[in-house]
Amino acid sequence: MIDIETQQELATLYSDLAANDLQPLWTQAKELVPFIPKPATLPWLWRWQRLSELANRAGELITVERGGERRVLLFSNPGLNGRPFATPTMMATIQYLNPQEKAPAHRHAAGAIRFVLQGDGVSTTVNGDACEMHPGDLIVTPNWTWHDHTNAGTEPVIWFDGLDDPTGLALDAIFFEPHVDYTQQIERPFNVTTRTYGGRGVLPLGTVPTLQTPLYLYHRQDVDEALNALLEVSGGPMVSVQYINPTSGRSALPTLGCEMHRIVPSGATKPYRKTGNSIFVVYEGSGYTVINGQRFAWHKGDVFVVPSWAIVEHQAHQVSDLFAVTDRPILAALGLFRETTLDQPQQIIGHFAPK
Amino acid sequence: MIDIETQQELATLYSDLAANDLQPLWTQAKELVPFIPKPATLPWLWRWQRLSELANRAGELITVERGGERRVLLFSNPGLNGRPFATPTMMATIQYLNPQEKAPAHRHAAGAIRFVLQGDGVSTTVNGDACEMHPGDLIVTPNWTWHDHTNAGTEPVIWFDGLDDPTGLALDAIFFEPHVDYTQQIERPFNVTTRTYGGRGVLPLGTVPTLQTPLYLYHRQDVDEALNALLEVSGGPMVSVQYINPTSGRSALPTLGCEMHRIVPSGATKPYRKTGNSIFVVYEGSGYTVINGQRFAWHKGDVFVVPSWAIVEHQAHQVSDLFAVTDRPILAALGLFRETTLDQPQQIIGHFAPK
Amino acid sequence: MIDIETQQELATLYSDLAANDLQPLWTQAKELVPFIPKPATLPWLWRWQRLSELANRAGELITVERGGERRVLLFSNPGLNGRPFATPTMMATIQYLNPQEKAPAHRHAAGAIRFVLQGDGVSTTVNGDACEMHPGDLIVTPNWTWHDHTNAGTEPVIWFDGLDDPTGLALDAIFFEPHVDYTQQIERPFNVTTRTYGGRGVLPLGTVPTLQTPLYLYHRQDVDEALNALLEVSGGPMVSVQYINPTSGRSALPTLGCEMHRIVPSGATKPYRKTGNSIFVVYEGSGYTVINGQRFAWHKGDVFVVPSWAIVEHQAHQVSDLFAVTDRPILAALGLFRETTLDQPQQIIGHFAPK
Amino acid sequence: MIDIETQQELATLYSDLAANDLQPLWTQAKELVPFIPKPATLPWLWRWQRLSELANRAGELITVERGGERRVLLFSNPGLNGRPFATPTMMATIQYLNPQEKAPAHRHAAGAIRFVLQGDGVSTTVNGDACEMHPGDLIVTPNWTWHDHTNAGTEPVIWFDGLDDPTGLALDAIFFEPHVDYTQQIERPFNVTTRTYGGRGVLPLGTVPTLQTPLYLYHRQDVDEALNALLEVSGGPMVSVQYINPTSGRSALPTLGCEMHRIVPSGATKPYRKTGNSIFVVYEGSGYTVINGQRFAWHKGDVFVVPSWAIVEHQAHQVSDLFAVTDRPILAALGLFRETTLDQPQQIIGHFAPK
């Protein structure tokens, strides 16, 4: 027990520290350096039915124009104190574009990916290369590439966006610039980066590795074939691919991992945890995922978040494809990626009931 | 102008979005994707006189023991809402160890660097390798290496710590483990990693590149020689070196850049800005730095912060050595590093008056 | 002029050097370190008509069995003093396999590529993965992979082989091992490496870069599409792709570059020279190539060699595809790759007349 | 047994193949793809006494001037048919420079290293950087760097050169250019690359990895310290370091490995074999090396060759330092490096008796 004089001196010390913009570590060591990650991010799920209904209403009420730039709904994880982010590292949105609408050209230091959920007829122009977007396609717009979206079709189109924007903001490194024109000139034939950089095992002679992918459009069909091949070999219940930068074999973007997981109805996947966040988008099928003991049922179009170090098991009712965007490349680059599998399945302690 | 009915529908839409954990982008696009970085972090400076006085008082009142683990004062940047961090990406502290004191052995996923300011006689043991610490030396304890500190000398020792802990917390990837013993066994001769991995241009045969440096102790003298050589060639007013991982030539840690800048009194450095934060520690000399128009006078032992994208000019009154710890390797790895020099010197709009 | 005594002393010195297994440099400096490369390798061309005729005769007279291992005809460059190599760095052959024949399983430290010229029905099994071979396909058998060939079809099959064997011999690093069985067990579905590693921009999650490609079969159709896309953008007269290791974006093998060049009949390519050898195989079309002023007319199936630093111009009479195997990755890895284009077309000083 | 008609057809086939610059593989498969490496290179040793005596005589009889360029004696391995190379991949020489002599400036695509054996007072200027040479120092002149040598001292100087010239010749990629002046201007302070790039764990801020080292001078003392430190940890009988490119942690040159091995008199090293050649230069001490059962006694200044895949054991009579230049980086880059240790010491089957 410390005497009164010491107590007073301590109180004065703490007060003087505060007055000098200093703080003691020893009173808060456990919060600053926890034994294991304690994410504020909550496991969460958004139903497609609600997402598409709200996106449709936004489509009627909101115009797409300079300033607002995009008609997108931001997933706001309830654990993050009202911040408009799905996870502390990733911004995720549902984007809606009416027939004949165009979203204006700009560029930003945030890298982005777009995964098409519904509708045909949109193309995204990336640095002058027009990329057609069909359901299941992935379009990538790396850091500081010009991009705009045009719906030349006859139906509304909805896609999912993932951005590293919160990471860029946390690093105070986000820049933004509107293009001088509302949309870019299309300078080359449609989808040409896919045909030049997306070939099977071939690249233009003399290509050198780059940090950001020169391939902007990844076709659904190619992912489908790769998953089928992996299933032929492994048998299931889950096979997984990542979308890569073909010049390096590494993640398409240095800040966002893009993955597709195919789960077949042959039992649950082994309980697994890793550092870093994942946002899953159900492209096809139905099933459920147990996250830290809570059961999340999912169907086509649903979006759900798995926080860092949460224990995860997937189980499909039918063959299901889960697209995922993650911050895994960041954790790997910084030496912070860890993963492990567990022997025992989780005990179910609750069912998530989305709004 | 929109009619009342539409206004009502909009209000209902916003309300329904909120109820479904969604937010519109178009009302907050500029905050989420700013034209240029707008750091909350303030340029700030802490005087050595106050730091050492407060550290001494902590040295009398606080014991070093398990639980609190370390007697360190955390720099708390006034722009960061009371969070105990110098910048959003880095934790910086002043650590104080009395003669015959030992700070207990632990490891954590946060990487750390220690730069010695005052006193002799401390050694830090890193994974069984004891590293002696003298003023101007840098000791590195990479992610998940065991480390403890022992003051075997007769005087208190003060050093500066830099940690990537806020980055690890933001990524929900911090782990911590206390060692089973209060301090580690010393397994090899003192400073042996410096002699094996720190030689000039030689490495053990068969060494392969690693993400984290196997070299834990960098001597002041070697940095001094390199700076002298660069001055011989360039003439000044500033030359700069980085502390590297000798197995790869890259930053010693993937999350923290360690730099030493020597500034000679031959005019101001060219105005310069870069993305990412820097924390400077004045190792020797005196002078001032203009940050976004505000003049920060500095002397030996002072610590100051330069936020991302701030414009910086240094000027020395005498030959001065500024140690810096930065988040530059993160920005580079993620494709977010930008730097530029400006032609015109800044106009001075104020003088920083520290407490 | 040197006096007689010195002449005698010099003669004695040269004699004593020789007796001690030493040689003077100063008498042979220009041969040992020439101003520019002086390849012994001759530009040369082999006609398909002769190749296929001789291969057919070998097919009748020679059996494929252990010991001889393969029924292949080695291209023997007339500049290389009877050595059975197309260039000092590459062994090139025409391989012939009759219906129902099998070439036995073995492995060697020489990396090899096989480019199919005629016939269907062969599959090559590489480390248990069966790869079907159709005209225009490339099959790669990296260093120390088990491989055997089976013609399950009804017609003879002819393909072109390229091996780095002379490089491995020059480095005294060739090993060979026959498989315990005549042919390997096929362990996975046919062509599965192509479907798993050869997808457009996708790889199995968690793939790490390797020096040797895990993708063994490259389809003609994918190369064709990539060339078409490059032509759309560049317009011609020549576009070029390389076959890559998808885990790294680098050359499929570290010792052999595989390339496909499409030349359209819109004039000659710009005169070009590079360090390193190329062996061209005419897959489709006809035209001619000027090499150091000598004109080489070529047609489907012909094989020709371009030595290091030779000046090269190609011209096609119709759309033509030239497959090439080169030592370019070696030159690049060792810092010895140079290339340049020339402004003036070459003057024709002769026509090559093959036997 | 084959009938006469077939024999005649075979003979005609072989004749027709030869007439068409083709050869059969099946008659020479074992030579072209041997079970294990069968180097023509012989293990060999040259005595310092003879080397220095012959170098001195050359010093009296031969002048150093343009054209001959250098007064060097080439080691000519008796296994290599009179070619003036120590191994198929490396040219090795003894170079001799009289007081006040200068060897003229030139550059070549061959990379070179120089290891000083006797004398002081020489400096080598590499791309304008003068590097002083003292016994035990290593000076590196990468591919295509200008270099000249000046003996400003009062005694003759002898050093050992290693060049990758045979590799460059085999790749037909050697270029040579004499400097417009006899010697270069010295543009920066002496030894400045060592002080800027050779610091312990520090590099100029912003340094990016390069294929060739920017550090040209490696001091004996630094190697000595590193070897001592390794001995402190391992205990012997042998510790080994490599000279690295500090920007990458890789071999100083991409074509030549430079190593120093310290052997202490505590028994023989474990029998070891690797692919690739080594040339050893005895810098200090005495002992012997058993190579494929043959015993090579060595003393200070002796030079000996270990061919690829030879079994090697070293044993020192006193603390001995063996410098080695090897082709190991080439084998590693091309995926051809293998190494293994054997359990049983070799049986001695002979003693090498040099001339």
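Of note:
Think of it as A, B, C and D in the order they're written, each chain with its own count starting at 1.
Rule of thumb we're sticking to: contacts are C-beta pairs under 8 Å (C-beta built on N, C-alpha and C of every residue); 3 or more make two chains touch, one makes a residue touch a chain.
Computed from a prediction, not measured in an experiment: that's the story for all the values here.
Computed centre separation for the pair chain B/chain C is 52 angstrom, with centres defined by C-alpha atoms.
One finds 30 Å separating the Cα centroids of chain A and chain B. Per-chain CA centroids place chain B at a distance of 43 Å from chain D. Taken pairwise by the contact criterion, the protein chains form one closed cycle in which every chain touches exactly two others. Pairs of chains that satisfy the touch definition comprise A-B, A-C, B-D, C-D. Contact residues of chain D toward chain B in the complex are 188-189, 192, 194-207, 209, 213, 215, 218-219, 222-223, 225-226, 228-230, 232-233, 239-250, 252, 259-260. Chain C contributes residues 6, 9-10, 13, 16-17, 19-29, 32-39, 41, 44, 46, 50-51, 54, 57-58, 61-62, 67-78, 84, 88-89, 91, 93-94, 108-111, 142-143, 164-165, 167-177, 211-212, 253-255, 275-277, 307-309, 327, 330-331, 333-338, 355 to its touches with chain D in the complex.
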